[in-house]
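Below is one structure, written out as structure tokens; the observations come after it.
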Amino acid sequence: MKQDFLFKASNISKYYGQNIGCKNVSLDINSGEVLGIVGESGSGKSTLLNCIYGNLEVDEGDIFLNDKSKTILNFTKISEPKLRLIQRSDLAFVHQNPRDGLRMNISAGGNIGERLMAIGHRNYGEIREIASNWLEKVEIDVSRIDDKPSTFSGGMQQRLQIARNLVTKPRLIFMDEPTGGLDVSVQAKILDLLRNLVRELGIAAIIITHDLAVVRLLADRIIVMQNGNVVEAGLCDQVLDDPQHKYSQLLVSSVLQV
Amino acid sequence: MNEMSKNENIDIQIYNFAYLDENTKRMIRRALLKALCIPGYQVPFSSREMPMPYGWGTGGIQVTSACLIPKDVLKVIDQGADDTTNAVSIRKFFQKTANVAVTEKTSDASLIQTRHRIPETKLKEKQILVYQVPIPEPLRFLEPRETETRKMHALSEYGLMYVKLYEDIAKHGHIETAYAYPVKTNGNYVTDPSPIPKFDNPKMNNSPAIQLFGAGREQRIYAIPPYTNVKSLDFEDYPFEAMKANFKCSICGSSDSYLDEIIVSDDGKRSYICSDTDYCKEQTKLNSKKEDQL
Amino acid sequence: MIQIKNLNKSFELYNQNNTNINVFKNINFKVNKGEVVALTGNSGTGKSTLLKLIYGSYIISKGDVLISDINIRKSTPRDILKLRKNRLGYVSQFLRVVPRVPTIEVVIEPLLDIGCEKNIALKKGQEILERLKIPKNLWNLSPLTFSGGEQQRVNIARGFIYNYPYLLLDEPTASLDQNNKNIVLDLIEKAKLNGSAIIGIFHDEIARNRVASREVNLENL
């Protein structure tokens, strides 16, 4: 197997009884790339994301991560403690609703510091400094480091969630509708932040969204899902400008123009 | 004749030794053995209905009941004192159901059941200390789900515990937790020492005695075998400090023991005395001996 | 060199009664280094479509597009992304940007993408914005509120900030007044002299005549 990929999912299938969550989905991604997964509700994109992140057990298929020491790990075969460790340090998962990805009763600094403390950081001063730096990076006022996220706006909560996830310098970030619950005016800031972070940190990102405008601005390549299957894949602008599959065409033509 | 025997029946109540039946004791002993083999790990056990409600030390009582043998000498303390209601009631309970000798002297006891304190007098090998525990799970207030906390212990995911300490420092400038201060047992599991003041935590470390913990309502038993490493959690730059009030006991003059604060007059005048009544008595005896010698 | 060989493009619209729209058939031509080829032909003959096929935004129905030794039809999405980053530039008619991002950051993005250091990129961005006469006080504003002409010049700045060996231009002078037109045409000539192979669509005859080495009329092939 070629070793020059960062992450690869092969022929992933997940069934819910007779129903198909996702079927035969393959994808791969390298550092610095953004892959978009688009489709309507029920297309299987969330199921797919949770499968490849390791949250859901797959019925068929393999998931490979090229780890930092250049060994290839198969998610379906490694132990749960190892998987959870990888999820905590090398991967990141940004939920659609920031409340699902934050501890609302812990201060912003504590939220960002948690992953550090989980991997063994034991110096309070250092942890606080790293947390402050990240607040700056995601453009949250550093003076709010001791405030609880329940006092933050939706956009700030989402940015905090991103900071919390990136503090351990993961190489791959999964995002489920990252701008979904946000006001339109706030979306732009988050999109720009994500693009800059991807470029600066060289991380790879897999993003689920049903919003084609968002995916056009963020993703290099996309896959289109319908009823659990991948119907089309390719360059983002190509799939959106010249969709070849009937469903992709339907999806693109249904977008309201402003 | 019949009336006499009826009265006799009302008066005679026969309990098994130390109240619990032998099968229950076996079950608890199995749990205790397992707990001793995995220091700090919470072993589930089948907590019985006891003749007092939950919250009154049923866990500790069940552990004591399973451990007692006829030649044991039992001491029971509550917040360090032998003479509070609970301590007296529990001591009487075991006198009635086990007929064991009782004492207030820590150094004479073979088994000590305690609520919320560790005796000041240093414990010796072959002594057993039974703690009464309300909430055995140190992570409970941060993560309410039992399924999650079990996984966190299994996978040593203790980041959240340190987050709590971090929050304390951020809010108060120091770690605010004054009692039930979490410890790492044998370098492995994070354990709740029960609501003892953090002043007592160092006594748990490398103790010659056997330390057993029983939580009746939560149905968990855990244990720390003798000479086990027990370290209170802290940060490198905010190390653990066993603090107590900076006063002397107004009865025996000790400045080393944990003190209770008492309001002695209507205008709010305060006095401090040793929380451990036996220790205070011993110190007073030593003081008068010294005076006699002078 | 850019080579177009027997290029065909048609669209199959499945949701509209399976209509098949044929744009063009059998387009053949070459563009050498240092040449500007102007595409001509009436509206609807497929000029923009051709640029998009070369850029990889449209799928090639039949035929080949070769950029130097790279065959676009046979390239993977990753190959095309790499090509676009380092060698193939495209200035479209429309400015498509993330809202609320300042103009200067929009313009320097292609440099940042190839790993240029931010300070150097900012300097180059300022230079080109000055050259295109975008006032300084607009540099920190989002270009989405600018006039058509200003937006077009921001687009041009982004397309010319890096010396792409291959450049595709779709109506680069469309919304501009004469002065600004000349500035842009200067940029195109400079790129030409630098050895870039350029394909452009110019409705403005004068502009076309000034920079084009030759014309290719899509209706007559």
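Chains here go by letter, A, B and C, matching the order in which they are written, and residues are numbered from 1 within each.
In this text, a residue touches a chain if its C-beta (ideal position, glycine included) is under 8 Å from a C-beta of that chain, and two chains touch if they have at least 3 such contacts.
Remember, predicted model here, so these are calculated numbers, not experimental data.
Engineer: Sort the other chains by how far their Cα centres are from that of subunit B and give me the top one.
Structural biologist: It is C.
Engineer: Could you name the chain whose CA centroid falls nearest to the centroid of all protein CA atoms?
Structural biologist: Central chain: A.
Engineer: Roughly how far is subunit A from subunit B, going centre to centre by Cα mean, in whole Å?
Structural biologist: 47
Engineer: Quick one: report the Å distance separating subunit B from subunit C, using the average Cα coordinate of each chain.
Structural biologist: One centre to the other, that is 78 Å.
Engineer: So how far apart, in whole Å, are subunit A and subunit C when each is placed at the average of its C-alpha atoms?
Structural biologist: 32
Engineer: In the complex formed with subunit A, which residues of subunit B make contact?
Structural biologist: So the residues of subunit B touching subunit A come out as 154-155, 157-160, 162-163, 166-167, 169-171, 235-238.
Engineer: For the complex, give me every residue of subunit C touching subunit A.
Structural biologist: 11-15, 52, 56-59, 77-78, 80-81, 96-101, 112-113
Engineer: Under the stated contact criterion, what part of subunit A meets subunit B in this complex?
Structural biologist: These residues of subunit A touch subunit B: 80-81, 84-85, 88, 103, 106-107, 109-110, 113-119, 122-125, 127-128, 145-146.
Engineer: Show me the residue ranges of subunit A that touch subunit C in the complex, using the header's touch definition.
Structural biologist: Touch list, subunit A to subunit C: 30, 185, 188-189, 191-192, 195, 199, 216-217, 220-221, 234-235, 237-238, 241-242, 244-246, 249-250, 253.
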